[in-house]
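Presented sequentially are two complexes of chain A, the first with chain B as partner and the second with chain C.
Right after this comes the complex of A and B.
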């Protein structure tokens, strides 16, 4: 039963990240996702220190504040400070992450948050922390998160689509591109912090970028891309668990590795197909 | 030389736009008449794109103001359509032709609602007008340059606006598409629409446009094509460079140099 809960948790994390990751990939903003996933760390620690509780809602607010803060910081450094976007991202998220690391290490005694857990997550302990109806608490939390994200994408699909494909045109229609930008960034912040406990700050990026990239290679339709990304994520969760059992290693690490393997396979098959097929449509990049 | 008119569709008053202290548009002041096909002409980097972006409120003005239909843009936004440069979007985006054209039916008001069957009917009708009705479900990554431009035009038509601002619609398109687009623009003009086109092929200016705006950071001229499109003002716009070009083309003409299609 533990195996089931671990795989389910991994699959839920992967699905949430995959859905949002699709939009990050299409917006060419995956590195902002990376930045957010690291920058929420001080938010979590500060929220924890202030509230003295590990209740998700407190941590969530702390993380969300810092998630939006770093997107603001990046925008400001890039637009006002005339910095290159990648330099602005690199500078701001490492700074915030470093502050988070310092906070954790100096308050280690009082705080039930340790660096390993935050950096790498500990998905193997998920089945120990049971919630309502003997279902692990994380499964409940991530399940609700996944439903919220699906709802968000369902309702906001057209807004996300327009502002992602052609932001200038969207602005010319009078649609608030800032609103959609920050809505997506907030969703990424929430997802990151709720995925922390299971996969940690570093590997969550693999879940944000990997499945979406696999799906991007496989299809040229956005609804299909969303579904395929979720499937790729779930597959990685299952495959990763058994890989970890086989080599007796980190489960989250194995899941992230399987995503990498999936990507390599899909890319390889695509290349081979393109080389071997002499069909005329390949001229058009189809 | 700037010809001003009464009851203009577009009015720019002392508009200056600067990037990092460096002015890209300097003190632009003109009025444009309704129901005209208007060409915005100038060399690279002369601020043509900046000017229509500024008119769409996509860039902050350093000074001055713009009026469209005598009002602020936000009051008449639904009557204005903007066609960005084709190269400004990623054509590998996972979307099909109809998805893109339906964007033209989106407004801040209906962004959370489903589009109606009427919206779809209008989008399909617009695709028919640009002769892309056989490509409705085609993925945009499979379109040629000319087809991409037609899709952008259909998206603009779907907005059912009265004023169209088009950024370089003829760049990188085949002759058939260019002709099809200009025919459509002329047809729209007959229905009283006003169309601004950023353009840089000087050879076609006289055939295409009723009114011409000559731009090189400053406004060189704005007026009827027959009054404004003349060598003195063009030389002022292109500063000497045109001279060399026209000499070359004269030379080619004189020597009967063979012109080959690629």
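Right after this comes the complex of A and C.
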């Protein structure tokens, strides 16, 4: 039964991340997603310290504050401070992540968090923390998150779609690019923090970018891409679990590895098909 | 206080090795990072630093020892592999570079975590301490580490020194370097290799997760203090070394504190201070520069006003009241008075009762600005074929910006004309 809960948790994380990841990949904003996933760490630690609990709602607030904070920090360094964008992203997230680690080290014992958890999560312990009706608490949390994200995309599809592909057109229709930008970034912050316990701060990036990239290789249509990304994510969580069991390693790390294998396979198959489908041609047209 | 003396007197050999280690590591990563920064490849460094983790684990798995040289070799291998993967993905598929970087970064890191945990769970007694690579172990550097990593740092700096002109060129203008016959592909490869090696030794101090800060942040901070590459390299190396020492010192006084994150925190703090107070590009410096420019434009406009009035009634040194000037060109009282005060102080005008008049020096200066304005109008009508009535606004802006060299060139190029498009004479 434990295996089932772990795979289900992984699949839920992967699905949430895959859906949002599609938009990040298409908007060329994956590094901002990476930055947010690092930056929520101090928010989580401070929320732990203040509330003395793992209650999801305090964590959400802490993460949301820092998720917005890093977007503001990057914007300020880039616009007011005239720093080039890649450096501004790099500086901001390493600073916030460092602060997070320093806070954890200063309050060891008071914070139910350690460096290992930050680095690769504790998905193996998920089944131990049971919630309502003997279903693990994390499964409830992530299930509700997934439904919210599906709802968010369902309701906001038009706005997200148009602002992703054509900002000028969106503006001419009176759709606010800025609103959807921040709505998406908030959704990424929430997802990052709720996935944090299972997969840690850094591997969440693999779930955000990986399945979406695999799907993007396979299709050009957004609805298909969303579905394929979720499937790729679920497949990775199943494969990852058994890989981890086989070599007795971190489950979250194994899931990220399987995402990499999926991407490599799709890229390789596409390459082979392209090579074989090309009939030998002469340069002279004969 | 006692700890401060104990630390900075370097009598304890352990402290000596730690400090020497972090200084070399901090400085060499900062130097390599400066080139990565200028080539806008800062986030690639981030990917490389995460991608090093599986290399370390593989090297340990194959060799079974924690020899720094072997681990460095493994790290360089997967670090280089990650660079190739990013290039391959961006070239061979429609995945954009940002997604390629994020994907490679997280997947390599995931593989690293998988291997690391598998090694930890295997019960191999030798493995303890391998996880130190995640957050660095600057405070635990020993003589052997410093010899290896310090040695590599020196080699890195040496290569940069030897290839400096070529690296400078490809950092600023790849196309020019290519057309000038430089082996651009080789040089790019060399820089990439140096980045991988710098990351592989730098993560000793701060660990894989925060390594990119050691590359990017010193360069980003140094950029605010200078416009010269040589100076920028020196400043960023200094910042990297200083932060390394501070991080080591903090974790020396508070042993439960991790060194790496503190190095990054100090470094980031210095960078934010540089953004605010940097003498060349800092927020404050730019603010004052803007104020100076505004003041200069105001003064030049007032001088021009005097000159135009003088041209009109043929007496350049006649006295003018505030009202006369404002009739010619409206300027708010407080601004006008401020400008006049500055001009008085420079001896360009002098006070004559309630009115003011141009000095000889002021007449020359007024003539110069008027001349540039009119020459520019001619230039625009002649060479850009703008209509006569469209050129004034543009000349109004450019007259404050033309340097003496450009002024000479403009005069010679237009062959010293007598009048501008509006038939006003040009004073030489």
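Points to keep in mind about this one:
By definition in this document, the second predicted complex is superposed on the first by the 277 of 286 C-alpha atoms of A that agree within 3 Å, B and C clash if a C-alpha of one lies under 4 Å from a C-alpha of the other, contacts with A are read in each partner's own complex, and residues count from 1 in each chain.
By definition in this document, a contact is a pair of C-beta atoms (placed from the backbone, for glycine too) under 8 Å apart; a residue touches a chain by one contact, two chains touch by 3 or more.
Source: prediction; values computed, not measured.
When the shared chain is aligned, chain B comes close enough to touch A:159, but chain C does not. Legend: residue contacts after superposition of the two complexes on their common chain; A:130 is shown touching neither chain B nor chain C. Shared-chain residue A:222: touches chain B; no touch with chain C.
Legend: residue contacts after superposition of the two complexes on their common chain; A:87 is shown touching chain C, with no touch to chain B.
In the superposition on chain A, A:169 contacts chain B only, with no contact to chain C. Counted by residues of chain A touched, the larger count belongs to C, out of chain B and chain C.
After overlaying the two complexes on the shared chain, residue contacts for A:205 are found with chain C alone; chain B is out of touch. On chain A, the surface patch touched by chain B in one complex and by chain C in the other comprises residues 82, 216.
Against chain A, in their complex, chain C makes its touches with residues 37, 40-43, 45-46, 50, 89, 92-96, 98-99, 101-103, 105-118, 121-122, 134-135, 209-210, 212-213, 215-217, 219-220, 223, 256-258, 260-262, 264-265, 268, 271, 275, 281, 283, 286.
Interface of chain A with chain C (complex): residues 24-25, 28-31, 33-34, 38, 77, 80-84, 86-91, 94-95, 97-99, 101-102, 105-106, 108, 115, 119-120, 202-203, 205-206, 208-210, 212-213, 216-217, 243-244, 247-250, 252-257, 259-260, 263, 267, 270-271. By the touch criterion given at the top, residues 26, 82, 155-156, 158-159, 161-162, 164-166, 168-176, 216, 219-222, 224-225, 281, 284-286 of chain A touch chain B in their complex. Chain B contributes residues 20, 53, 56-58, 74, 77, 80-82, 84, 88-90, 92-96, 99-100, 103, 106-108, 111-112, 115, 139, 141-142, 155, 159 to its touches with chain A in the complex.
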